[in-house]
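To keep things simple, chains are lettered A, B, C and D as they appear, and every chain counts its residues starting from 1.
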């Protein structure tokens, strides 16, 4: 079952004594086939888990790079079903876990039940929903569990300890720590040490949960996090897609080599 | 003395059993020499008395035609002294009386005494001041008298009988009846009969005074007034000057022939 | 059916998760905003009870915004239409020219209480931004205004004001380049800056606390009007209809607040119908748009099957918003208010009719929508019916648009 | 030296010929205007004593114009300048955005009393015309506005308002195409139409009766401010300075009216100095221009040796007038008020400083001249000195000019 494979991906990395690497790109950017190609390249390049954005126009949690990717996908006519198609096609040929990252309105308008059904069909392992905070998300998170999908709770620097405890208590076995107060893709404005301290607090409170660290991580800083469970790089990849398109290069190839570079840095 | 010659001009016309013809043009329009030429042509064409406008930019009593003439003179650099020069040159060769028509600010800024001295020097017979109504003008009108210059009081359709009497009482021997409520050069909006009725009232109240009728009189209507003391045509002539200039014709010649036409119509 | 509670302020009729009627509103926000929102909730709870704060608010409402705004009878329009008696609450006389001043002052005062020196806000028609920068200047706050590039273009007079007050204007070039994108961008900014900065949402939209603060602020309108109505009629008229335009819904919420419990007072909200024949109405309530989540709250939203916000189109920048306040969703669902729309053309016509007949009332395009409805229904009603229209904005900001539209030559 | 009479309203201190101080003012008009002016004099004499009329006036002042306008302390500006305490009478909050509303309402009411259905008026900045057409719409009068072509161009927002109120705007293309020519043209029109039409002169200029009616109308400003001053200070401050811009002078006359007899209150009038280095000041009092007759009254006028009105140049359309009210000539000659000028540049700077510091006060270019003087003198004065600036116009109408000048990008 997918929630199990997801957790196992983290365990596997841990066994290799390294942090897991997650990538974020927007499903359907710049179109269905290249997006799938990008996933394939990422898969070949050593990623542990793929986060696939189900783009939303009113993506208030995202900075410029992901907004651009989203805009490209949406204005190319990509629908929710297309994103599921891409994931399904990818999963049909790959073991790598896929997490959907999206906004509540995408799930709501699709219908929660139908959405989860589709996730199962396309072998989605987990869901991150930017604007569906604890405790409002508890009913949905339960439904996810029933469908063997990990609902990934979000934590951030200003989540106080009381709240942290409560969220961790309700969380599935993977959580996500937002490294700083900002939208995606901003410059890291806190030190890596501070982030790691918070990470360690989370781990202390809830040693069994795997914790992804995200927001602001690039090839330059990723190495700082090698002693954590996992980190995700998104905006840097989305920007690479934009650049490749601008220069009429193959985005999949370029994203792939960036992922290899990230992987190298993470583990060096 | 000039106030005497002015009155005599009216008496002379009366003796010939006709109304006197007055013309109004702006001194210095379109320039000093042509303006003088215009006076000469007018004189040759049978006019009885010449009204010479001493143009003022804020000429709130005047309509478009006279505004245009004034604008031409002023923007050509004509000053008060230039207008006196023109009159003097004209008077040096002609017996025809000249009346200055102007605004109070022109007299005030020139200095009342100096203005009257200049009038005498240039042999001006009378003064009409558009915006210097009775009784505010009494002191100045006295000064005029002392200088043998006729100060011509203005009357209009809404001057009630009480005021009419008072004004006539203070008036010199020539007055001016504004035929209708309007600025100069508008279409005659009252019937000639109504005007003549008012004229007759004035004559009844003050049989000795000569009364000029003005505002809105053209070649088409002038004949209606043949039984009055005098009428003045102004805007029609100013318009003729504008037309001549537009067509690059000689304004003096054209004004002259219009005056002959007016004279014919008045007496036919 | 959802029920309203009598005797409880409308803004407090939400559940512990911030939902009115169990489903409208809420705090569907990123985790990073949870803390500042809680902080704001706590501060507001305290300040509402704080007499010094209330006095301060009232001082500025009176001396700076100029409360009370006039309540006048539109004699000529009433005669012209020949039916109900038409009155007008001239909210456009609030300093700055619209009701947005109330919310801006309250947020600025709160910002100071929070010990923050920076405030940011969104704006569509530019009024919310103008008022916020005006208040920020007065209260010595640094100010950032997010505004869609399209709105910057069409509401240049208000943009001028913001600049003169020293605000930093951030043009938003994403999406439709209108209010919806400005709000998104402002929320993104606040996500990054909330430690030092306060955010003002320009209407009764956004997370629950913003809906509450905004409606609490604009409630000044009906508080003062209630006195004026009783002065004028001696009592609450037997048959009274309050007509208000609805974009986000802050003006209507404030105009209606004191009247919710009066069943003999009909509440009519008018949304933007857009150009005649266009399908891009900004009228989610009128056209039964589906429920969705926008800017942190659940509400009826104009969206496609995929949950994507659809572009709206209205001659009135202030109504050009695809969502609508949870408060209005709640009032609609509870059957307390009825919602309809007016087209661009109807609004323009209403503007002309009102201006030519009443002079002193020169509504901007937003309240012109409300007047359009009044003009439609007044002739069918009896002389005993009192219609009150909230003229919540002044036309100066729309002069360019209207003049072009009507082909005025200068 | 000319002496003021204590206890006699300023507007009544003229002789039987309408001259203040024996030489300023009067009725230097064409005989055709004698009758309508007498008629107006008689009507006004009657109406001033008529309680019903006064009640009517006060009703519209309160409910339509929105009296009283706020009186507020400019805390930030005071602190910034570090001297005298600066207050502001926010007359720009009068409906329409300026003091011109008072005169317009009074003239419209008089017009109705005269049984006339047509009203015409001049305008420079467009405020007088905007207010007159606004009032005319309300009172069902046909309305004609005379406006210089140059002013139509630079004050397009007010032109828009006039059109929307249904006024017929007559562009005046003669002379400098500004206010001076508009007044002339309006007087020409009235000369023809006075049997059926009433004329409103937009400032305290023109024949004596127009000076009187206008100052009587704007006196509302100081009437309400006197109460506000006493509310604020408990008494009339020992050392108070009232600063007002002076174009025609209607705003200043109204701002000062109730204070003429208070010798401890200094009255400071600020004229338009025009662009730095330009000689085309619109500042006849400051620069000792010679006495002249303009628009029917004797006053100091900017003119050449030949009595020709000279062109003036000011960034502020409302101050761009070569003459000045006989009332101000009188006050200057009597030593009661002092007059100075501010340049375009100083006015713009003052606008910026005030807007950035005070938000709610967003003066148009005319009162920015007054603020410029306040800014000049405040730092040199003690904290016990109270400066009150009349902020008699709202900046919206000047947005285009100021934005261009300051290089604001939108």
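The rule is short, and it goes like this: a residue touches a chain if its C-beta (ideal position, glycine included) is under 8 Å from a C-beta of that chain, and two chains touch if they have at least 3 such contacts.
Since the model is a prediction, treat every value here as computed from it, not as a measurement.
Q: Apart from chain D, which chains are still tied to one another through touching, counting links that pass through other chains?
A: Connectivity without chain D: A, C | B.
Q: Of all chains present, which has the mean Cα position farthest from that of chain D?
A: A
Q: Distance from the CA centroid of chain A to that of chain D, rounded to the nearest Å?
A: 66
Q: Please compute the C-alpha centroid of chain B, do the same for chain D, then give the distance between them in whole Å.
A: Here the centre of chain D sits 38 Å away from the centre of chain B.
Q: Report, in whole Å, the distance between the mean C-alpha point of chain A and the mean C-alpha point of chain B.
A: 96
Q: Chain A: which residues touch two or more other chains?
A: Expected reply: no residues.
Q: Return the residues of chain D touching two or more other chains; collapse runs of consecutive numbers into ranges.
A: none
Q: What topology does the chain touch graph have (line, ring, star, complete, other)?
A: Topology of touching chains reads as a line.
Q: Write out all the pairs of touching chains, ordered by chain label.
A: Between chains, contact exists in these pairs: A-C, B-D, C-D.
Q: If you look only at chain D, which of its residues touch chain C in the complex?
A: 62-66, 69-72, 76, 90, 93, 95-97, 133-140, 152-153, 156-157, 159-161, 163-166, 351-352, 355-360, 362, 395-397, 399-400, 402-403, 406, 408, 410
Q: Okay, in this complex, where on chain A does chain C touch?
A: 56-63, 67, 71, 74, 79-80, 103-110, 130-136, 154-160, 163, 178, 181-183, 186
Q: Using the touch rule from the top, collect the residues of chain C that touch chain A in their complex.
A: 17, 26-32, 34-36, 174-175, 180, 184, 187-188, 191-195, 290-296, 301, 303, 305-309
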